[in-house]
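Read from first to last, the chains carry the letters A, B, C, D, E and F; within each, the first residue is number 1.
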Amino acid sequence: MADFEVGEVARALHAVRDEWRDRQKRSREPGGREFPSRDALAGILEGLKGVLFPMRLGPPDLRHESEDFYVAHTLDAALHALYAQVLLELTFNARRDTTETVHVPTQVQAQATEVVRRFARALPGLRRLLDTDVLAAFHGDPAARSVDEVLLCYPGVLAMIHHRLAHALYGLELPLLARIVAELAHGQTGIDIHPGARIGAGFFIDHGTGVVIGETAVIGERVRVYQAVTLGAKRFPVDGHGVLQKGLPRHPVVEDDVVIYAGATILGRVTLGKGATIGGNVWITDDVAPGASVTQASLQKAPKVPA
Amino acid sequence: MADFEVGEVARALHAVRDEWRDRQKRSREPGGREFPSRDALAGILEGLKGVLFPMRLGPPDLRHESEDFYVAHTLDAALHALYAQVLLELTFNARRDTTETVHVPTQVQAQATEVVRRFARALPGLRRLLDTDVLAAFHGDPAARSVDEVLLCYPGVLAMIHHRLAHALYGLELPLLARIVAELAHGQTGIDIHPGARIGAGFFIDHGTGVVIGETAVIGERVRVYQAVTLGAKRFPVDGHGVLQKGLPRHPVVEDDVVIYAGATILGRVTLGKGATIGGNVWITDDVAPGASVTQASLQKAPKVPA
Amino acid sequence: MADFEVGEVARALHAVRDEWRDRQKRSREPGGREFPSRDALAGILEGLKGVLFPMRLGPPDLRHESEDFYVAHTLDAALHALYAQVLLELTFNARRDTTETVHVPTQVQAQATEVVRRFARALPGLRRLLDTDVLAAFHGDPAARSVDEVLLCYPGVLAMIHHRLAHALYGLELPLLARIVAELAHGQTGIDIHPGARIGAGFFIDHGTGVVIGETAVIGERVRVYQAVTLGAKRFPVDGHGVLQKGLPRHPVVEDDVVIYAGATILGRVTLGKGATIGGNVWITDDVAPGASVTQASLQKAPKVPA
Amino acid sequence: MADFEVGEVARALHAVRDEWRDRQKRSREPGGREFPSRDALAGILEGLKGVLFPMRLGPPDLRHESEDFYVAHTLDAALHALYAQVLLELTFNARRDTTETVHVPTQVQAQATEVVRRFARALPGLRRLLDTDVLAAFHGDPAARSVDEVLLCYPGVLAMIHHRLAHALYGLELPLLARIVAELAHGQTGIDIHPGARIGAGFFIDHGTGVVIGETAVIGERVRVYQAVTLGAKRFPVDGHGVLQKGLPRHPVVEDDVVIYAGATILGRVTLGKGATIGGNVWITDDVAPGASVTQASLQKAPKVPA
Amino acid sequence: MADFEVGEVARALHAVRDEWRDRQKRSREPGGREFPSRDALAGILEGLKGVLFPMRLGPPDLRHESEDFYVAHTLDAALHALYAQVLLELTFNARRDTTETVHVPTQVQAQATEVVRRFARALPGLRRLLDTDVLAAFHGDPAARSVDEVLLCYPGVLAMIHHRLAHALYGLELPLLARIVAELAHGQTGIDIHPGARIGAGFFIDHGTGVVIGETAVIGERVRVYQAVTLGAKRFPVDGHGVLQKGLPRHPVVEDDVVIYAGATILGRVTLGKGATIGGNVWITDDVAPGASVTQASLQKAPKVPA
Amino acid sequence: MADFEVGEVARALHAVRDEWRDRQKRSREPGGREFPSRDALAGILEGLKGVLFPMRLGPPDLRHESEDFYVAHTLDAALHALYAQVLLELTFNARRDTTETVHVPTQVQAQATEVVRRFARALPGLRRLLDTDVLAAFHGDPAARSVDEVLLCYPGVLAMIHHRLAHALYGLELPLLARIVAELAHGQTGIDIHPGARIGAGFFIDHGTGVVIGETAVIGERVRVYQAVTLGAKRFPVDGHGVLQKGLPRHPVVEDDVVIYAGATILGRVTLGKGATIGGNVWITDDVAPGASVTQASLQKAPKVPA
């Protein structure tokens, strides 16, 4: 009857894995290769969202008089769960550089503890920053009727909660955890902010689907962007030998109070000056002066002047 | 060992919450502040989808001869669950305007009952409208092989089911519930339709990711749009004092039988005349005549004539 | 009290369903109309992802020495679950063409068995192809630190795992199952690849939101595309009677080593020659020569020469 | 590292299974051997309990005005689920008697349909009987404060709901389904009533742990028993060849209004006359006259009279 | 095809419910009749067990340094959940005595608050008492190797945790909640202790299946009982008119340091004197002197002396 | 409003825990005190039941041709999960004897590996033994219609599956894991068999509620017992100083082919000779000769002879 040759297929898959591991110079020794878990981080984020905004993103039946019990317990659980993931990233890094078995040394545990402690200390400041983002969304969208609605419904706010936490992890040299946190938001909102991007207070993304913000972007205060805006790199800088040079500033600098309408693409280490307005769908690879207003129309006209 | 100073961090978070509440003039009294729940609405939507299309979106083992039992019971449960959410929105609105404790008065209950009853009565008409959307998708995509496939697979159809329900709630002055219903679809499909948009029969969105349709948009019958199309506002109208004027018509009017290809951006209260075709990626801020065909090429040529 | 007239609404919904079924010439006989299930396919995909990449996408506590047990058992379960879905698609097709009751004949079972067996045999080859995609992502993004990170975090890699499986199903004449597999990825990543698209080894999609790749697109090896790229059809070809002609080649051919930056739109059966570079946001409806570099600037300049 | 020789153990287990199947003359052909499912029946029972007592054992938020929708839908779903289990038992019986592959013939389906229909028709009568059991519990226990409490809390009432349903299945010649229903109650309450036992209206079991009532027991109306009471068989009757004779009456007949206190053991086809009282822990293998009162004391005294 | 006449059966069930409600003089008005929930109490008990023994019955990964956060948060949640159930019992009692619609008055809320507060204050004392029960189990069973094992494994300890909480609820005049708590343990352990029973410190039940302890039983300190022991009532006392007199002492008094072996049955308001030993399976309806040892043998011999 | 003084109660509970830990000389250092988990063992048992009887207790849709994949994978997962629990018991034992922090040394890991390997090797033999128990149940109960029914429905068979596994763990010096496995069955069936009891092939427990079998009981082949049978200890042997002497034989020896009817109590290190029959409810503290038949009647008559 229905015989799908599972044994043979499994053997063939085994052979392909062996090929890959040989080519990648991976050991085939017994043992697991533990790795941070997307599901675990999703759970941690749920906890942290409740810790930051207990009456809106915490459990539906929470009461004011119990907030502190809930916050302390949930924070405690989330931080210990995060600690386990931090250990995994630190250990994985160590393992990547060697073929020997790696035990989790006391030193790595101490490092993980210190990292989590610093992350925890940063949370109150992140909440304060996020309050500015919530207010920016509330004031920036005439349809918004309350800050509560903004917290609950706006994908741009969800993306910023993830980003501010991811950026803190990035700053603590946990790029992998940071990336997973960012991708969790990307999957839910279509907004893709690299954890390395530095974003000032009062940032508001409206609609949001298709927004991409690159690793070395620097964004000032009270900036507003719409869907499908890209703050990207022109090309990856290479050194004299054609090798990619990582870490060089390659994404735009956006100064305070800039507005960027839907579909605009800003590429390279250009600066959008304070208060500039960038129209929809425009393509920009040069600096824009403070207060300037760039639209597709102005761009189409511009070349005609010298022509 | 691993001590993350949870107590101190919790205290600091408490202080930040107090700051925020003082600044927002929120009470710190004991008690909960109940709010409509995204999860509850997700459950209600699952029920209503089964009620509207029992043999396709209802339980997999449903049989024709049991449809009515399933529909009546599921509708009953969904409406009572919706009633609870309606009470929450109505009460929340009342609370927002006062610092006093608000009890749910009999009057609010009567209002909620009436609203849910009217919503229920609208459902058969919505099903009829959705049938036209399903047929439009089936006829509009040469790859579609059956209407069943369209109902099951097409993100544009899912978005329209949510939109037609959300629009009904919006019309019943429940903007928050309507918004949550819309955002549930936005998160799953990348299609962002404001619940206020008025959309005629036989509407089809293909691919869909990145589509944005604004609150005062008016769309005729048999309209077709592709991914990343924006029907947006040019800017928010302000009155003489620079205050945003809400509710003014500020999004496009799209007449019957218009087709809008991917990436096109239509901004402001312009009219796309009956049967017009809008090419991909074009940027339009003026009226388009009925039957006209606008493409990027035609736009690029246009200015050259007078130049 | 709260009486929502459920009985009346249910009766009205019944009437609308009858209308629809009459118009669609559907039988109203008792019995179910079984259809492939999105949830079932989601479960099968989870299994197959673990089968293809057991140590990264399988259970978190898997160990090398147990890989083969896990792979064989999970593969066996996934294939039998797939077999049930294949039966449903084959039977549904048979039913669509007749109003008589259809029993699952022995012949359909034999066909389903054969199809699943061929799908199973293809899996090792798909894993080998996916390894090239993973390496392409790793080498194509300077931020990637390990192939593991790429497998776990990158939406473009997730989309390709789904696509390569969906394409295999498409090749086995199971377009509906293939479509569901593709839409599962579309919903999670915003990347919409039609299962019919033929894509060579080492394909990398960065960021990805808004990418659309059409049914007859042909993509060579080592191609790289960014978010919001469309490889679409100009228009649907019609025959002399205005009837859509299905299956004709109508999407681009992209040769080896092409790079296509964000937001570019390539429409129709054009060819992008080997090694070409397509800039962001450009709109292309003609062939591009091998090695050429097309940017918005070059396009804007181009018309000026003859002007 | 940790190598548990799984492959070898699995092979040895395979060998033991083969031994067993050979000895039991079971086929080793491919294919499943489907069997009624304990979990499926547990789900069906949950549904039927809600159908019988919607406001107490149905969903917590059910309202009077929606009872009928809930009852019809839940009943429909439960009966169709039961139908599937009935098919499994009927088919299993057919398979047990042959080594050939058995297909589910139309005849078996017709039989299953008829059996489920008769079961359904019996439900209103069972509800009426169970109402008498609930009242008996309410009146029989001075601690009971309401019939609602009795339905919700009393293990004896739970056992009787299961028994009356199991007895109906037993009467429809589905002994295996009946047995599973009985064992589900046994596991939860420690009360073991064989589905074959015939029990009149108004039966009350208090405390209940350890009660055993045998297959051919016959119990009149308004009988009350306490924990650890056994109504058993003295020994199994054998025919002239020492072969067990199934189906012969071998358990007690208990007439109306009898009370049996905790730990009493009544064995064999004896009759406890109308209104008799059986004291705790007594051991009875002979008839008891109507109205008689048997206690340990009376038994201990009894032999002394003739001595 | 499979038509089970669901509509007719549902109608017949409706008729039976109406009969019952008429006979029970229950209103058929719309609206729900809320009642305490077994599932809700099961959840509350899980929380309280963790609150009382955080490192053994709390979450598996709890750490000493986080105990207080866990305890405060879990206690807070459990008490608020209990408050909701208390409201239900108090309201149900009020409704039982009237046919009018009952709103939950402020007074009932105040009463519920006070009751929960008193229950909460009792918890530290209950933990101290339960510590004596745990030690009694540890010292009473030579097989026990640690107090942790006793807490985790012994059904007698589980039954006592439930009983001490149920007895507190009973003392607060919440007999229905108390009963549900007791039945939850009864179902899991086969040990049936009425919430009204007064039990001193250091009580140990070994094995436990079939133990029944009645409402007015009074048990001293350091008492030990084995499986299937009954501390029951001889008969229910009636007044001059044959009406059951509730609340009269009708179960045994067991003084300090008594041991009762398996299967013994002690009935009526008799006293087992300090330090007495009751052998297995004996039947006792009279007082036993302090220090006495009663066995079946001694009982069998006893009557012979006077004979 | 509803203030339950959670902070104060939590502090009081903290104080009680400190008291207890001081009295028990437990450390209050930070860190967890891990302990084997009842839930984890329940999961392991589910796996092992499927491994032992894949077509009956494994997944409902398993097919013969996939048995080995399922068995190998499930066994592998169950053994690794068991290994983690074994480590916990071994480490807990080590910790119990010291107040110092205990790390899991390599030696303990080696010991755990060896123990699990020996447990795995024992499984085929256990399956063979359980086959004899299944046959005994099938032949011992005239109501049983197939061995499948026996495996699925009979609590006595479930109890024996648990016991044979628990006894293997007990023999490997893991008394705590063994105990948890036994209590899992006790909770579901009311049958309490100490893991130390040695039980021969073909053992059958009918009905089962209330059966207790002690640690040093020795039971031969083809023995049958009914509900509420106790094989217990008369009293715990003490040495000259009144200290309990653990491990001495103190429970009955039951030779081959003995039958013990419901409620019989056999206490102490007595021997029931081959083929003896013990009647219901009898109380035995002396040896019974091979082939003898002891009933309550014979016991009551017995003393009369010498009297």
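Rule of thumb we're sticking to: a residue touches a chain if its C-beta (ideal position, glycine included) is under 8 Å from a C-beta of that chain, and two chains touch if they have at least 3 such contacts.
Predicted, not measured: the structure shown is a model, and the values here were computed from it.
For the pair chain C and chain E, chains touching both partners: A, B, D, F. Chain centres were defined as the mean of their Cα atoms; on that basis the chain farthest from chain F turns out to be B. Rounded to a multiple of 5, the C-alpha superposition of chain B onto chain F involves a rotation of 180 degrees. Interface note: chain C and chain D, two copies of one sequence, contact each other through mostly matching residue numbers (shared numbers exceed half of all numbers used). The greater number of contacting C-beta pairs, out of the two interfaces B-E and C-F, is seen for C-F. Distance between chain D and chain E, defined via averaged C-alpha coordinates, is recorded as 26 Å.
Per-chain Cα centroids separate chain B from chain D by 53 Å. Each of the following residues of chain F touches two or more other chains: 1-3, 6, 30-31, 61, 63, 65-66, 69, 72, 76, 80, 190, 209-210, 228, 263, 281. Chain D contributes residues 1-7, 9-10, 12-17, 19-20, 24, 28-38, 92, 96, 175-176, 179-180, 183, 186-187, 190, 192, 194, 209-210, 212, 215, 228, 230, 232, 236, 244, 246, 263, 265, 267, 281, 283, 303, 307 to its touches with chain F in the complex. By the touch criterion given at the top, residues 61, 63, 66, 69-70, 72-74, 76-77, 80 of chain A touch chain E in their complex. Across the complex, chain A meets chain B through its residues 51-52, 54-56, 60-65, 67-68, 71-72, 75-76, 79-80, 83, 109, 113, 116-117, 120-121, 123-124, 127-128, 131, 142-143, 145-149, 152-155, 188-190, 207, 209-210, 227-228, 262-263, 280-281, 296, 300, 304. Of all residues in chain F, only 1-3, 6, 63, 65-66, 69 touch chain A in the complex they form.
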